[in-house]
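Structures given as structure tokens follow.
You will see two complexes here that share subunit A, one where it goes with subunit B and one where it goes with subunit C.
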Partner chain A sequence: MRRSVLIAGLAAIAVISAGGIVGGRKSLAAGAQTKTASTAEVKIDNFSFGPTAITVAAGTTVTWINRDDIPHTVVSNDKVFKSKVLDTDEKFSYTFSKPGEYPYFCSIHPKMTGKVVVQ
Partner chain B sequence: MNPFDIKTALLAKHAQHIVLIHFPIALFIAGVAFDFLAQSAKRRALAGVAYYNLLGAAIFTLPVVATGLLAWQFQLEGQKLKGILLLHLVLGVTSAVLIWIAWALHVRARKHLESRLPIFRLGLETVAVAIIGLTGHLGGFLSGVNGPN
Partner chain C sequence: MDSKKKPGHTKDEILHDHNHDGVDRRGFLKCMAWAGTGAFCVMQGGVLKSYSMSRIAEMNPAEMTGELSFAQISDSHMGFNKAANPDVAATLKAAVDKVNALATPPEFLLHTGDISHLSKPEEFDTVEQILKSASAKDVFYVPGEHDVLNDDGKSYLERFAKGSHGAGWYSFDKKGVHFVGLVNVMNLKAGGLGSLGSEQLEWLEKDVKHLKSSTPVVVFAHIPLWTVYPDWGWGTEDSAQALAYLKKFGSVTVLNGHIHQIMQKVEGNVTFHTACSTAFPQPKPGEAPSPGPMKVPAEQLRSVLGITDVNYVRGQHALAVVDSTLA
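What follows is the complex of A and B.
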């Protein structure tokens, strides 16, 4: 009796340990995937970028989507990135590989400004 | 911004097109109004006022079209236009052409004293005012005048 209880206990420990290892691998894998395929979105609406400032990790792809009724552009102050004219529901994406601050504006409406901070 | 600082005023971060466009619009509408008054009242003096307003409007279309095209080249780097921007460009050029035609009709009538202003000009001027209004409406959207400050 005591022997069978001992065997059952060891088996339970083995199953739990195995589950933990597999689960840990899964979470590690999931973390790596998130890191390589990280994205962020900036919405253009009512003559403003939302959020105005966004902080992302290096390698992140930021997508701007124009939800406004009129055309806008996304142009960085240093001309690092520059979109075409975005009509309603059109998108523009840029992948930030280097850390730094990237202020940008709409060239049609220069009062519209935003900033991407890459860490 | 200091309004007496000429350099800051000239290099302000807004397109000069938006500043200049008000002049031909106002002058042309005033010219058309005086032309209608001259037609109904049969007054030559009013026709003269209409002529000079239309002349001013025609002259102002030159810098307005030039600054509009420059804004397209500098702000959008001359990329292919579509949607509201394209419509604004087409209607703007059409408006400028109609303003020049209206003014040319008045010039011809003044040069040849015996020739009278054709009555169809009033219809042309009315159509021109409507197209200018639509162009300005689209321009207002584009300039962000309806947006938050």
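What follows is the complex of A and C.
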């Protein structure tokens, strides 16, 4: 299931979901993708971040896009990054250069939480 | 009280008698009136009576009017333009018309936050402009999370809460009633609910300390000060501490917004009430994947938006809370 999803998504960007394959590594199963994954996307929809947790390689730029009718923010718990308020269809990107875990939340609706794991 | 006309017992009537510990749980649940139904509640000497709006015509006007009358509006979300309501300015105007048409003209308005949708100056301007057409000239605000999005609430403070404390909390007295405006939308923590914070709680403790316990107290804040539905963040994590400071008072009325629907709960001496939005409805707790704006057929929209009218009768310690839709 995960494999087919990965293949389907390969043409677009190497989005690596939780427990998936780390961007930048060779994904033989999915084909000859050797290029370092440099971008990943998180959708904000129905008051949640999807995927809730993503694992990416150091150097990856993660882009959040708000698909809700209500504004949201993307704010790191440890104040590493903080978006301005994102209205519908607005985006925020941050490039993760250092490995580590980056929990974040929506400062307007703090029940909305997510995590970026950088390897 | 015996001389007053007493409504007949129908299935709409709910009676709570706190003084005699006769709180009826079934009645309590029925009192959680949903948007569009409308409820009218009278609290007299700690006894709260609640009737459906359909029965107001049968009631003695003396039970509904008093020496102090004010109206609450909430969640005008100026700037919102999605399908759930493409014209929030029009529905705010309709809310003002509704306020102006009240039988007892309110002396002032309370706005319980989410004045704007995106904290933009032009959104604040529009709301101020529309509220100028209200017969009541004074408006007391507390911020919603949508009003403090970009600058830690500085522009909100300058515009709506000059002379207030901290992030915008304050109190004032009107005809023997003590009003407290609280801010529970700042410095929210990941995974958490609304928050008052220790500085504001300390201020509140001092603010009410010297008041007589017979003083009627009205507390207003954006996010409910009782836990409505924590999964959607509908509650305030440190509200219990605030309510502890209000325990000594015989009559406490808590007015909130945020959840865009009418809910009411009575706990001891405290009546909690949330108001309708003037902009768009939100789903009942847990009845949708998220608390996002709920789209209803256009012709039904005004029946799920509304205002709240509150009357205080001195001597009877009565606060009557009346919700009316914009339909």
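One rule holds for everything that comes next: the second predicted complex is superposed on the first by the 82 of 119 C-alpha atoms of A that agree within 3 Å, B and C clash if a C-alpha of one lies under 4 Å from a C-alpha of the other, contacts with A are read in each partner's own complex, and residues count from 1 in each chain.
Just so we're on the same page, a residue touches a chain if its C-beta (ideal position, glycine included) is under 8 Å from a C-beta of that chain, and two chains touch if they have at least 3 such contacts.
Quantities reported herein were computed from a predicted structural model and do not represent experimental measurements.
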Could you check whether subunit B and subunit C clash or fit when both are placed on subunit A?
-> clash
Thinking of the overlay built on chain A, is A:D87 touched by subunit B (first), by subunit C (second), by both, or by neither?
-> both
When both complexes are superposed, which of subunit B and subunit C contacts more residues belonging to subunit A?
-> C
Contacts of A:T63 with subunit B and subunit C, given as first, second, both or neither = neither
Just subunit B (first), just subunit C (second), both, or neither: which does A:Q119 touch?
-> neither
Should A:T55 be classified as contacting the first partner (subunit B), the second (subunit C), both, or neither?
-> neither
The clashing stretch of subunit C against subunit B, among 42-50, 60-68 or 204-212, is 60-68
Enumerate the residues of subunit A that count as touching subunit B in its complex and touching subunit C in the other.
-> 46-48, 69-71, 73, 84-85, 87, 107-111
Spell out the part of subunit A that touches subunit C in their complex, as residue ranges.
-> 46-48, 68-71, 73, 77, 84-85, 87-88, 103-105, 107-111, 113
So in the complex, which bits of subunit C are touching subunit A?
-> 82-84, 117-119, 145-146, 149-150, 188-193, 230-233, 289-293
So, in the complex, the side of subunit A touching subunit B is made of residues 46-48, 69-71, 73, 84-85, 87, 107-112
In the complex with subunit A, residue positions of subunit B that touch it | 13-14, 75-76, 79, 81-85, 141-144, 147-148
